[in-house]
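In the two assemblies presented below, chain A is common to both, partnered first by chain B and then by chain C.
Up next is the complex of A and B:
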């Protein structure tokens, strides 16, 4: 809990700095846009974080976005399939992807880095192949305006992705911090062998983690597709897996596994968006975008290390 | 008496607010074997880590040859001739012996390449001194644990060490290897090297120590000379009480549960079918040399490893055990050999460790009810006298004995049918040992079958009602408690009889 408090304080300080630097930060339009992005990024960051807690990693998220976006556009625009079916189809696909990752990692014991790296390459390639490398879009949304409104609209002024994040986050919190299975996930991440000796079905827990990650990427991917409204197969979602990992690490997850919390991960994701905002609103050249983000993450990790060493 | 070479004077050490050492004095004489004893958490390791430069100390002085010295790093300590042979050996497995001995200070030829010839020659000399019959080019990975230990000693000698610290060097050695190690120690001693020897095994201490210094709760707890050394005096100094052996005697319950293994075969010894049976209320010991397949056998029974063939019956009913969770469901629990890797999760709290296999019992609809969980943990901590300030303490902050109690305690909130202990008292102090024996006996009295694998023969003879002896994957002998003698057990262990 202490750690989350620290992250929250840094988050508030960051927000204050940005809003003092540029009062536009607190304008309704900017807040809406930022919270929308926090919603999208937060949802898949939770998945990345859960995988990291099991001492794994999921590098395939960004490519899943591209493949999913392309397929969604094809199903809705070219094939004119009813949107609930199209959504179910792409979500089932991401579920299947997660299942494949999980099976290969848990049963065949191949390193998660390699499996999901292959996923990153394969899904990106497929996305470009299916789309003939042509940017896909959703046009005016004929036939699926309800979905479009669901993905991009607001409820009482709050962007729907943010509301969805609150729902997903609450469910993930209960799962990770209150349920038996969450405890098992932490145990597996801390010490897989000891978890096995204690009678935990380690393979099933790993499988679950990768399915959750891919499925949350699937949900976030739909939101992202409608947010950008144009899916360039070669660049849509590029590097997004790293945002997820960065959010988790910033939020207190250790790549050594067994550590982290949902609140931390969501705050980490939110912080990354505020940093983006900081770059935009303070007039820092956008070419420095990644550099700023890297420095902030590094500072966070170093500060954490320093605080922990002093405590010892 | 020989000349004193090292004085540690009024050493104090604090970790944060916790005072670990309080005014500890230690003198080491030239060419003596000094045994350092004490319960886990008494401060032995900390004191030794200070001596070899791992930890700085808070207050006090260290004098070597009457000159005050400051040891800032492990390198400093090495240069002054103080070498530490850790319990977990620090060899690079894929280098050869010579490469390990000269690691980081390889002699070089004129061209700047490592001088292999010189390394080999010097290594051969060192190996002869420690009595290890191996070529300097042998990869360390191919050596037994005992031989690796000798390589560590050779390395210490090559550094011209005058004080050699050995931390539980025999904990994974066989009897024969232990004897060999003791020969080497005696030889070192005769050449003027001093050895500080840390061990929990009293027999060994009585065999090789010239003097025993006991630490208790971070303070000097007393000292015994060789002629004052005996079992009772040692125990009294360490725990301040005598352990009554009679409590370990069996109360002989009626055999109302049974476990039978018929022609089971493990991956380690695939051509060796093993059959045995157990009855409730009894403690059965499994003796044997390291590598005789004891751990493989019990781990197969507990679902850690799969069986190649054979059948297993609980109360006459055939059961299939393919995973630990299958075994646990049948009430078959294992306290594994490697505590830190398998028995506990060092980064989790006492509560979380104790509840891990029992979480479903403490939850409704898969949600953990924390009140129930911590209530059960509190009960187990009191039951086992696990010493801790709070249930939220991480396991890595506990002493070895308390960690082992947690590794056992996690099974005690369930009803055990068969409880298997694999090397339950390795690295555990006398006080906790007695506690663990008591738990075993209580389990048996409550009707469980208890199976204990141990390399400590004395221990097995104290606690077992019956003993199976293994040799190269088969059960080579079976003894009842009135037949226990070291000689008979050993002769079975070596495959005779």
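Up next is the complex of A and C:
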């Protein structure tokens, strides 16, 4: 819990400031809106974080959203395929994408930055090609209203993406912090060579990390597609990989690998959404949105630095 | 030397692509439905004018340097006339002038009146803003507050639409409570609306200035359960917007006719290049009127759009 202390304190301070500035922050409607987005962004941020822990990076997330959204719309709307099959198909596709990234990074030893950057370009291009650059939508969900309701609805007043984040987060927490594979992942990130010589199957761990990242991007991508209910192939999810990376770094992951925690990543993702919510609720001009985000991330990282330095 | 066959293959691929007919290029904005419809218009024009080849190019949003590069590349390949949709009309004047010295240039979508362009083909966004203003007055007969949603408030067409709305609302007792921007991100666009429903409960009319703002407003308002209480006025012709109009959830949407942008500008350019200069308007502007789509017209318009998309 030590690592997340800094970000946790800032998160609480931020939330208090916003709720004092505009009590509507704590209204049910606003909490629902914000936690819905936290759910979607949190899920893929966990994937980005796990990759960062292995000292890698995944830049393809935003383009995966576009490609997946376009295909999902084609399967459901134009091909009228039953939604469970359509969902399984796109998830298998993201799994395959992650496997390709992982194989090239672990077996062929090509730098993750390059592989996933190529992914970013290729999937975006494919999404635009398949859709003919036409915005793909889900309309009123004829034939798959159940899926639409599942992705955008609430369970006991809690948005389903947020519930899914709790489930995914718990599973990832057990995997990363309570299983031997988690220890392996950290070891690979700390020092790949040392991990290899202590008998860890480094290649398999790297492969696993990229598969997890792509699969979580796939799950978040379905939620995101139904959140907007339409996918503009040239702009859907543009730069969203950076939200994942920012959430991970804000949550205590080091880009040098071997450090980080699930709770930190989720808090980081939550904070990024609260910041954008704050801009709207406190009446800050939306043009300042990115500037505010940058300042808060910087403050978070600096505070983390000082809190941790005091220990030594 | 091992690479020689590849180089030769690459060169032959490039040289194959050259067209031998005189070429007209249409350099559009980002790949959205709007420009897809313009492309359909260009294709229709190409089918009618056999003696010219027509190429259509999309660009990335805000990337004016990309438009310049595309035009330069096409020029190197032998281009006879170009129609540009300037992404930044305020600062792209010199680029239009420099190109005009080599080949005839028309601009579409946003005008650059002081440049050396042949003419402008497009809608008056100020006029479109006036139409939206009339819809807003209809939505709030007793006055009230409205919020505007747009991708970038500093884009020329956004500024003109806002100016048109402001002029129309003068003295009507309706005030603009704010403008929310989303940087062309649909997720942010919808979140902005959800946030506004919480932070501005007194606002009872939302206006979406760009195409995707319509569906974003519609979905967020529906999810909050405030359908009917918050009136919605939109621009452009996204399918969900039109469906919303059809269902009475959106009061109306102001559409331009991008198909006509593509069709008329290409025809006009072909005419001009063939030596017929009578088609050019004296004031340098071919205005394609905006339309207001209401509930009774939505079904017709939807099927028209569906037919265009299939092409």
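By our rule, the second predicted complex is superposed on the first by the 305 of 312 C-alpha atoms of A that agree within 3 Å, B and C clash if a C-alpha of one lies under 4 Å from a C-alpha of the other, contacts with A are read in each partner's own complex, and residues count from 1 in each chain.
The rule we apply is simple: a residue touches a chain if its C-beta (ideal position, glycine included) is under 8 Å from a C-beta of that chain, and two chains touch if they have at least 3 such contacts.
Just so we're clear, the structure is a prediction, and the values are computed from it rather than from any experiment.
Enquirer: Quick check on the superposition: with chain A as the shared anchor, is it clash or fit for chain B versus chain C?
Expert: Fit: chain B and chain C sit side by side once superposed on chain A.
Enquirer: With both structures superposed on the shared chain, find the angle between the C-alpha centres of chain B and chain C as seen from the C-alpha centre of chain A, to the nearest 10 degrees.
Expert: Spelled out: centre of chain A as vertex, angle of 130 degrees.
Enquirer: With the two structures laid over each other on chain A, which partner does A:258 touch: chain B (first), chain C (second), both, or neither?
Expert: In the superposition, A:258 touches chain B alone.
Enquirer: Taking the superposition on A as described, I'd like to know which of chain B and chain C A:276 touches: first, second, both or neither.
Expert: A:276 contacts chain C only, not chain B.
Enquirer: Once the shared chain is lined up, is A:179 touching chain B (first), chain C (second), both, or neither of them?
Expert: first
Enquirer: Have a look at where A:137 lands relative to chain B and chain C in the superposition and call it first, second, both or neither.
Expert: In the superposition, A:137 contacts chain C only.
Enquirer: Applying the document's definition of touch, where does A:190 land relative to chain B and chain C: first, second, both, or neither?
Expert: first
Enquirer: So, A:11: does it touch chain B (first), chain C (second), both, or neither?
Expert: In the superposition, A:11 touches no partner, neither chain B nor chain C.
Enquirer: Of chain B and chain C, which one contacts the greater number of residues in chain A?
Expert: The partner with more contacted residues on chain A is C.
Enquirer: Between chain B (first) and chain C (second), which does A:99 come into contact with in this model arrangement: first, second, both, or neither?
Expert: Neither partner.
Enquirer: Quick one: smallest Cα-Cα gap between chain B and chain C in the superposed arrangement, Å?
Expert: When the complexes share the chain A frame, the smallest chain B-chain C C-alpha distance is 29 Å.
Enquirer: Jot down the residues of chain A that show up as touching in both complexes, chain B in one and chain C in the other.
Expert: Dual-contact residues (chain A): none.
Enquirer: In the complex, go through chain A and note every residue touching chain C.
Expert: Those in contact with chain C are residues 22, 24, 27, 29-30, 33, 37, 128, 132-135, 137, 139-140, 152, 224, 227-230, 232-236, 238, 276-277, 280-281, 283, 286-287, 289-290.
Enquirer: Along chain B, where are the residues that touch chain A in the complex?
Expert: These residues of chain B touch chain A: 15-16, 304, 323-325, 327-328, 334, 336, 341-348, 352, 356-357, 359-360, 363, 366-368, 410.
Enquirer: Spell out the part of chain A that touches chain B in their complex, as residue ranges.
Expert: 174, 178-181, 183-184, 186-187, 190-191, 193-201, 258-259, 312
Enquirer: Could you please specify the touching residues of chain C with respect to chain A in the complex?
Expert: Of all residues in chain C, those touching chain A are 30-33, 36, 58, 60-61, 153, 178-188, 190-192, 194-199, 212, 215-216, 219, 223-224, 238-240, 243, 309.
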